[in-house]
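Down below are the structures I want you to see.
There are two complexes below, and they share chain A, which is joined by chain B in the first and by chain C in the second.
For the complex of A and B:
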């Protein structure tokens, strides 16, 4: 039966909700620590060992702060958008084959790659709605910037994620991960590089963090959020980073399968976590060394550079497929 | 470290986010507050984050005397912060008005317009002193 205890355990505890929750908090700590070290600081140090409980402390504190709804703000959208975008992101995470199978203990289906990308787009649209409905000029501008940036960079990101899909001959996340005897990051490194760049823009990190540009628009679409809403929106943002890292690890680094592929799986989840942390480290590294682009530069980079480049690289991938397949003995 | 406190007190103590408001300081105090965020003192060690908006702050770090022009804005900023919220007056000016006390445009210290929970005197106070003020305040407010 599908509704047995194992199903609930997998969805709610491991590798489902509880695992994702703690992993996201851990990644937040990891990001902050990497960022701090890059800036020659210590980063969070006193909440728990090495400050590892810092994101948890922030989260608990935010949950218990006063919840203010500004005058004239769209009540319903403001109230439900954070929690729905959070749920959509958790749902999309459940489709990744985190320990060889996804949280619904199957191999996924043909096309779940597109499903998770669509879910994340919805989640971002809700964040736009959130900023738009909080009746504050800064939030409004931040929200419009999210939309401009996200709609734009979604196109190259989707096109680029088709590269590995073409090589694997499948749109299923677990199949793409499992056919990678050699990680696709080595087979098609140019797609990997562009993918990380597009991901950087999707996650609104420097050099693309215009929706949060503190020096221009206060805190962007977060400006009016307090208490519980802020807790969930912050968590969604962190979850999105984890999503991006897990997606890149799945598509380009072979997901849950270790480098010694023939020697069996070992501990799939350990590989997945290590690969995701590696991707997060790369993203944070770029964020730490880059300055922010202006919004017009962001948009121009998108339409004049990223979209043509991603189309070209996809064409190159299609050209390469026969060679790659003959070299790696077929996908 | 953790067991004596409840989860909530622990979280509040470990995650004080601050907002810096200058209501007429000579800028020396502001530089000291900014030095807190920089590598040498790095308040993020204690979980302190500097925020861009009052909606997300727990602690209002006020520098400078309350001038007639800035006072209403200071009050408004304070009112925009969600409970529980605290105010730290940083610098002798913020505590009492100090050399500017008798100016025609100055209303003395910031405690004339918003309730202040912690005074950090000094002209300007050292970053260590501000940090000590913040940690002391959190200890007092969250029971130990």
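For the complex of A and C:
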């Protein structure tokens, strides 16, 4: 087999690994800065211009720290879970049509929406395993809370992400993005709103950040992590936020395609980045104005509110499809 | 009939001959010496006569041959001190916890520090000293020296289970919370018994920040002790210093200039403002509302700046002195204070609206950690905790000190008794404190701000009470006519409130623990006040002032 340099460039550099790495760090900085300004603080401001290098500095610092394994902790699970969960998230990111095509320079396949959702679920399950195997009661409780929350909110999230898929008539990420002449966020705004709320829970941000409620269970499932493991788990968390933002941008905001017209070569990625940042801003805004719910309230919100609402909105979407398609002349 | 006479009549009617001495020590202060064993009758007479009778504290004093127990009770309008003396060779006395459950912790304190055995007390265990502290060593007895304790004793871990072995079966687990925990800003240990996520029982353990201040104050002259007393607590230092100075002043019959009274009031209210804003931030932190934390701590910073301008220090004000205050208030600073505080008042109104309407805050605080009024009275809780349960209890109003008698203000009370009500009480008090400071600055009398006082203080005893940010603070000072106090006893508001935590948290979820605890605004350095402890070697020792000076100069 001949080594395809273009393939390797796309997977490893752009829009693959290196780009995702720097974009994630940038999003982390953006998140921290936005949050800080909302809270009347400065936020990162020393490393690089406007502190933009702070997340990278933190990451490097963590890599150099001592790696401590607590006594009685499940060695193998503890060692590989951060890496695997990180890898699964990166893999799922490669399927997004970041610059019009995905990292494997094709249009993806019918059903890659379900694939990326499944990969992220696996990544979260690994975090549970991580907390469970680190022999610390705080980690244990945090892990159980992740599982409780995740199992619950995965359902409305999947159901709601089917809304755009129905409208587009496809389960392919790039197809859903490309059919949006008018962003689906404007066509089916209620689905978009609920999707963001479910995403907030999925990403464990306020008001749903019970799995790492500092004042109750210290740092939750990562209480016992240090050094490289902590660096990778923290990075996975950031990557998960990026994943959520990119998913929402792809499904509801038209992904790499501009609102009205197509931009030239190379520019689709700019649209994607801007849209993802917009989503992150929305998520952070909700986080800034909310207090944390209790785990029982989180679960109740899910089963009593989110699941019925998501089913109802999906039914409404199904009902709307013919009108929308005739109005937008879409798929 | 005045309130004082009414209380005296209630006791003498019940006890007759057994009330040996009955006198009005000062306005709103009565002292009754009863025969050994009659204190229960005296207390129940007061409980029956006055509906709102609460216990402030129990002070034990070593008189040489005897141990004197002072039960300080607040009877709505007067503070009654019921005294009883026990022989030191056999210091047994009947408990009052069955008629006044709020006395449980005070009895434990007197038990471990003075060796008084309270017969019938449900759990007479150590409160602030380590569990492995040697038997028969009572640090507050006058013949006790650190040397005789034996400097080394084994350190054992505190118990990790509530109740007997057999009770801890099935789905109940015991979880230790603290002494080091992200939700606690000071070391304190709570042992929870949980059934799944539900709290079944809790046992607080105090003493991790015990510094021996009561004992240490006996070694200092009155004016020196003021500085030590101020260091009991960082947050409510002004309240402690005011309280101590007032007790000494009433002991020595010292008249404080009116200007000093007003200045004390101003700084005391600034102290309350900063404490309440701090707590609001902590509450936000505990329930994951970090924006609230950042906002209210920024407001608090402005109050700290004002405190610095008025007193010279940001936190440790060092403002009060026996006979007045240390510095005068510059009119320019006064004007600035009014301007900045009107901003704080607007912020308080904004927070009140926010916390009243925010759904997530409501979900975490409304109906959580409920303390009913009857229960609050039974446990003798104080301050915002009592006012959150609908009990109007504010020392500033009912036992006015400094300039509070002349300043109009409304007493805040909420009837809900939940965490939300306790936070709301504090928010209303922020607005009210601003008004008090404004009024005091406008009506500030001219004249001296400090009276000259002798170092010696006449023989006698006095009780100082102030409304600290966390509630009623009590200082008992006894002098034997020298320049050194014979006994100083401090009862901080947190000690009075900590018992109610058990009532509040039972049946709540684990996630409610930090939020409910924050609504109490606990301050553990106030509560613990004795002895240095090196856990590694199990060494315990006291440092004299000379030793501290020497160590500070680097000469071990």
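Assorted remarks:
Just so it is clear, the second predicted complex is superposed on the first by the 323 of 331 C-alpha atoms of A that agree within 3 Å, B and C clash if a C-alpha of one lies under 4 Å from a C-alpha of the other, contacts with A are read in each partner's own complex, and residues count from 1 in each chain.
Just so we're on the same page, contacts are C-beta pairs under 8 Å (C-beta built on N, C-alpha and C of every residue); 3 or more make two chains touch, one makes a residue touch a chain.
Please read these numbers as outputs of a predicted model, since none were measured by experiment.
Look at A:51: by the touch rule set out above, it reaches chain B but stays clear of chain C. Contacts of A:32 after superposition on the shared chain: chain B is touched, whereas chain C is not. Judged by the touch definition given at the top, the superposed model places A:209 against chain C, while chain B stays out of reach. Touch criterion met: A:68 reaches chain B, while chain C stays clear of it. By the document's definition of touching, of the two partners only chain C reaches A:137; chain B does not. Of the two partner chains placed by superposition, chain B and chain C are both touched by A:218. Of the two partner chains, neither chain B nor chain C is touched by A:233.
Within the superposed three-chain model, A:60 lies in touch with chain B and out of touch with chain C [touch as defined at top].
For chain A, the partner touching the most residues, choosing from chain B and chain C, is B.
Look at A:41: by the touch rule set out above, it reaches both chain B and chain C. Judged by the document's definition of touching, chain A residues 39-41, 214, 218 lie at the interface with chain B and also at the interface with chain C. Across the complex, chain A is touched by residues 175, 181-183, 197, 284-292, 294-295, 298, 358, 360-361, 363-364, 509-514 of chain C. Contacts from chain B toward chain A in the complex involve residues 2, 7-8, 10-12, 14-15, 39, 42, 44-47, 51-53, 55-56, 58, 80, 82-84.
For chain A in complex with chain C, the touching residues are 38-41, 137, 206-207, 209-210, 213-216, 218, 288-297.
Looking at the complex, you find that chain A touches chain B at residues 32, 36, 39-48, 51, 53-54, 56-61, 64-68, 138, 214, 218-219, 222-227, 230.
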